[in-house]
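Report on the structure given below.
All chains are identified by letter, namely A, B, C and D, in their written order; residue positions are counted from 1 within each chain.
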Amino acid sequence: MISKLLLAATTATALCFAAYANAQEVKGEVIHQWTSAAESAGVKVLAQKFTELGGTWIDNAISGGPNARSTAVNRVVGGNPPAAMLFNTGAQFVELQDNGLLRDLTDTAKADNWQNKMPAALLNSGVVDGEIWALPISGNGANWFWFNKPILDKIGVAKPKNWDEVFAALDKAKAAGLTPFAPSGEPRWQRLMFNAVVLAVAGRDTYDAVIYKRDASAVRGEKFKAAVKVFEKLRDFADAGTPGRSWPDSTNLVISGKALMTQGGTWLNGAFAAAGKTAGTDYECAIINPEQGMVISGDVFLFPEPKNAAMTKAQDLLLKAFADVPTQTAFAVANGTIPILKGADTSKLNPCIAEASRFFNDPKLSTGSDQMMFTPAIVGAVEDAITRFANKGGLTAEQFIEAYAKGLSAS
Amino acid sequence: MFVRSPSSSRLQAALTLAPVAFIVLSVYVGGVLWAAGISFTRSSMLPNYRFAGLTQYINLFSNARWQVSLCNMALFAAIFIPITLLIGYSIAAMINRGVRGENALRTIYLYPFAMSFIVTGLVWRWLLDPSFGIADVARKLGFENASFDWIVNADMAIFTIIIAAIWHSSGLVMVVLLAGLRGVDDDLWKAIRIEGIPAWKAHLYIIMPSIGASIATALVLMSLTVVRLFDVVVAMTGGGPGIATDVPAKFIIDHMFERQQVGLASAAATTLLLLVLAVAVPLLILKNRRK
Amino acid sequence: MTGVQLRNLGIRYGQVEVLRGIDLDIPASEFIVLLGPSGCGKSTLLNAIAGLQDVAEGQILIGRHDMTNVEPKNRGIAMVFQSYALYPRMSVRGNLSFGLKVAKVAGPEIEKRVAHVAKMLQIEPLLDRKPSELSGGQRQRVAIGRAVVRDAGVFLFDEPLSNLDAQLRSDLRVEIKRLHQRLRSTMIYVTHDQIEAMTLADRIVVMKDRIIQQQGTPDEIYNRPANTFVARFVGSPAMNFLDGTIKGGDAVVDGQAVPIAAALSLPLADGRKVIVGIRPEDMAIHADDTGSGLTVEVDVVEPMGPEKLVWCKRGDIGLSVKAPSSATVRPGDRVQLGLAEKKLHIFDKETGKRI
Amino acid sequence: MSPANTHAPVRRNALAAPLSRMLVYLLLIVTAIVALVPLYVMIVTAFKSMEEIRSGTLLSLPHSFGFEHWWKAWNSACTGLRCEGLKVGFVNSFLITVPSVVLAIAAGAVTGYALSFWRVRFANVLFTAMLIGGFFPYQVLIYPLVRITSTIGLFNSLAGVIFVHVVFALPVVTLLFRNYFASIPIDLFKAARVDGAGYWRFFFSILLPMSVPMIAVAGILQVTFIWNDYIVGLVFGGINYAPMTVQLNNIVHSTYGEREYNVEMAATLLTSIIPLLVYFTSGRWFVRGVASGAVKG
């Protein structure tokens, strides 16, 4: 009885708040996982532009991609969707689109000329049956290796460009009593590193066969096996503290001169920058075997099917802000990611990002990440296999190859 | 034995139960049945109703992570429950002797339970870190060869989870058992002293059996911890190294959300519940029989 | 004033029969005691009268109204419990007035009645205390007060003195008796203590095995027990029983003839197996050589102040005898027991019923 | 008179050898120290500068005890665009926790009451279903709950979060109260019935006042669970009612950028302050309530 009364009372209170929130304003709530300092600076750029256009930005930052995405999905399913929500580029959104929960952006894209504004590969990742459902917002290169420059100088080697040079440098660092390699021990970054090794060792053809075509025979082929061997060798250079270590902690080991090398996407650049380090003098970034290209990953904004005219209006303004070239570029600079729109002014970019941008805009030198092509189920299955291999005492190379091949058909 | 009650009051009792019954039926029973139903479908990101037969269950049991998860849960239960019980009981027995500063001690043992593992997991990770954790402290204290690398060792990492979980739960178990010990008749203690029964024997054969209800409660609480084990793992090892410390709840949650495999996750959740029932039902039947 | 009638009352817990065919007529103002060992169903019967227990069959009439299905509060009853059952978070005053408040009695009237009862039971100084601050005896006084304040026609007592020590028990016993004399209410009192039953009751109802074994005045129950159960249950120390076989009008007990004719209206046929019962005070100890009576050996002697209790044995048979404190017997003495023939109780060996 | 543990603690081993008593104290103190180590590390880390954290050991004391990291965590740490620290979430956590705990206890007490003193058909079936439900990984129930709350219009509102918290709390709270009520002498119920107390009268006038220890236990447990909850607040609270733990998670688990461990630890401690305070101030009640039969099988 009492519980019912109280429930009624709280409901009434909640309704009051809801009524209050419905005041005539173009409110756009955006769910995203950008919570670090650099990311927040990026968000600020987007929010400012939206405000300029007459909107009121409602910021809903939730740390951790999976947290943010499942919250957003629950909001959509619960009938109270945000105006826009951040997903990773790739197949994550397909089912939402399939259930009619997303807004079709085809017309907006045509009107705003997206076709000519951004690389086709990126735009196409948001296309289902010829219709556009996602707006790319950020781009990253995933297969970078990062080095502490003073250590490179100390052990007398130049920035490595191929595997022989990498292993030579690692050997020397080890001999000098330093941690040669400090990768992150979290499964998703291990997956990222494995992909980097596959592209660099097995080559673009094998990489594309595995990632784009999910070709199990390519996985069982010799080239892939060679990549697995390199990965294994690399793994053995990793320090004891690797398992479970986050990438910022790993990066810190390189920044502070305790380790020579780590692996990670262009976002590591932000960590170096935040520590006041300068590319070329304090640290180096490199893609090994760069002729094979760069693995692109990124984020897209999705726009749930609007509930009312006000929400449509808010989405229109958000779309306009996000696809605005100067805004996007300023966002990328602040965020430390690659500007994705053509005609961006790249002069202010940090050398590492500028280099990444060059790869990014050259279709011959860029290819999609597994997350762009695989369903989350396959990403997960493959990730399980990789992390079991990436930690000592897990799978043997042969077992791992089988597990990986099997993972490609997960659903 | 129930006291005779008028139909009007019984109706009132039924009426007050109705909302709860409705919630329980719709959320718990409904939710469980729904999840069981979904486990027979192809649901991926959102639940759908495309029938898939036993596919999800076949996939589940051929999934290495699930196998590891179940083994870990069994191992965890086999070590965590007896040790927590032992520690909780020992402390309770010592406090029950009547010590000074009981309030302070009790609060100290209990505080870990007040903090969530989102919060304390990081500290535990630091403490167990092979390079700057307690091993480092020991080295600086002069034990130069001290090393403690369990948390990064696939074979030992699960034990670090167990250590942290014991730290988290011992206080609560202690309080529950202390409450039981407080209910033990003073005369029993006198009899034990007069008979000159050694302390450990007295506890094992006389006192522990006489606080059976409290021990049962502690066991239920610990079983809940075992089945729901999630936060500790995420905060300390993220399930690693590799998949070495994965547990069923983490498996379910990962597949439910990040991996968009609602069908597989539901199959796992249903299996987990069946396992709980397989343990609980015989116990319940046994308990009812004894009555 | 209110009488209570039970008509063919039966009570079951599920399939288990707890009481069967109980017929009882309790006139107004009577103090009746339900006596029996634990588990005999006496408390269940009391609960049924109170309306706290479902009745499977039969009728309960209170003040000539059928109350079988009436709520406890509307039966005009009050009840006192063994565990006192005081409301722990209410003061004594709150405990006394709670029922009246529920019944929407006016405030000043409540105050008047509470004051009156408090004075009657001498609990005035306790009125503002919590039950946890009272001694056991005080608690039970308050519990009795809570019943009295209801101004009920029928009082139900469920072993109210069992949790108290001996001294308090006898004090409160007197108190309850005084209360009955003063209020003249019908009182139904459940106990397993035969002394309480004997001292308090106008009439005792002895119960065992789901049924009433015997009802009657304390005198009838004590002096003419209907069967061996009643005979053994009432009286302390309990009645002595001797197995015997009738031979020529006497009962032959362990080879020795005991004359029993005076205790019987009709002589019994030879060979019939009987049980001869005799209370400890109905025997006398004679010196060894008088030649009459039962020869026994003194086992233990318990001096009890005004008298001595002498435990004797004869083979497997044990007997207790009350002797004056001046008696000089020592363990190991061989003595003769003289049995008062008129005070013998003869029961059928098979049925246990009085002959 | 209440079923609470009223007898004074007895010095059971008043004559025991001093040596064994010293051993007992030694063991108790050592275990207490071990139990305190994580808290100690958190507190000292919250006072250290990042430089000290990198160079010193975990257990070393900070050079100075300034509250700037605490202040930053409370007032200006950023989560996304908002740099308002934890204080916003603190209010939300209160708004969520207080009604949730009150309602969960009210609902659990009334349900436990109906289940223990009154013969209601299928009550045991209901109770068993609820208990078994308590073992189900509750995250699996989130999707159905999202649908349910959105159907009844509570999704993404304060009422919605509270509703879900109460639903998740019901099995445990009901169990606590049912078992507690089962330990209450049935005579009390009979006495009240003779006095004419009906269903609610008995509950409110007699049962509830004597359930204080139990209310304390249920309250302490639920404050801990609900205050520390992350996922329910995140999913059902929407942006307006995100609890403190969501901000904490944003501060502590930002994937990118350098981590300020001192601020993180301060934030962590600030977030735990309410449950910790509850335990430090009412731990005595907790033990007493448990001892009063609350948690007996």
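Just so it is clear, contacts are C-beta pairs under 8 Å (C-beta built on N, C-alpha and C of every residue); 3 or more make two chains touch, one makes a residue touch a chain.
Since this is a predicted model, take the numbers as computed values, not measurements.
Relative to chain C, the most remote chain by averaged C-alpha coordinates is A.
Summed over C-beta pairs in contact, the chain pair with the top total is B-D. Between the CA-based centres of chain A and chain D the separation comes to 37 Å, rounded to the whole angstrom. Note: centroid distance chain B to chain D, computed from Cα atoms, is 16 Å. Centre-to-centre, using mean CA coordinates, chain B is 54 Å away from chain C. Across the assembly, chain D contributes 107, 110, 143, 190, 193, 198, 200, 249, 252 as residues in contact with two or more other chains. Of all residues in chain A, those touching 2 or more other chains are 1, 3, 70, 77, listed in ascending order. Residue positions of chain C touching 2 or more other chains, listed in rising order: 47, 51-52, 71. Chain pairs that touch one another: A-B, A-D, B-C, B-D, C-D.
Across the complex, chain B meets chain D through its residues 1-3, 5, 8-10, 12-14, 16-17, 19-21, 23-32, 34-35, 47, 87, 90-91, 94-99, 102-103, 105-116, 118-120, 122-124, 126-127, 132-134, 136-137, 140, 167, 170-171, 175-176, 178-180, 182-183, 186, 189, 212-214, 216-217, 220, 223-224, 227-228, 230, 248-249, 252-253, 256-257, 262, 265-266, 269, 272-273, 276-277, 280, 284.
Only residues 13, 47, 51-54, 71 of chain C touch chain B when the two sit together in their complex.
Remark: chain D residues 1-2, 6, 185, 187-188, 190-198, 201, 205-206, 209-210 touch chain C in the complex. Contact residues of chain D toward chain B in the complex are 5, 9-13, 16, 21, 24-25, 27-28, 31-32, 34-39, 41-42, 57-59, 107, 110-111, 113-115, 117-121, 123, 126, 128-130, 132-141, 143-145, 148, 167, 170-171, 174, 186, 189-190, 193, 198-200, 224, 228, 230, 245, 248-249, 252, 264-265, 268, 271-272, 275-276, 278-280, 283-284, 286-287, 290-292, 295-297.
Here chain D touches chain A in the complex through residues 54, 78-83, 99, 102-103, 106-107, 110, 142-143, 146-147, 149-150, 153-160, 162-163, 166, 200, 234-235, 238-240, 246, 249-259, going by the rule given at the top.
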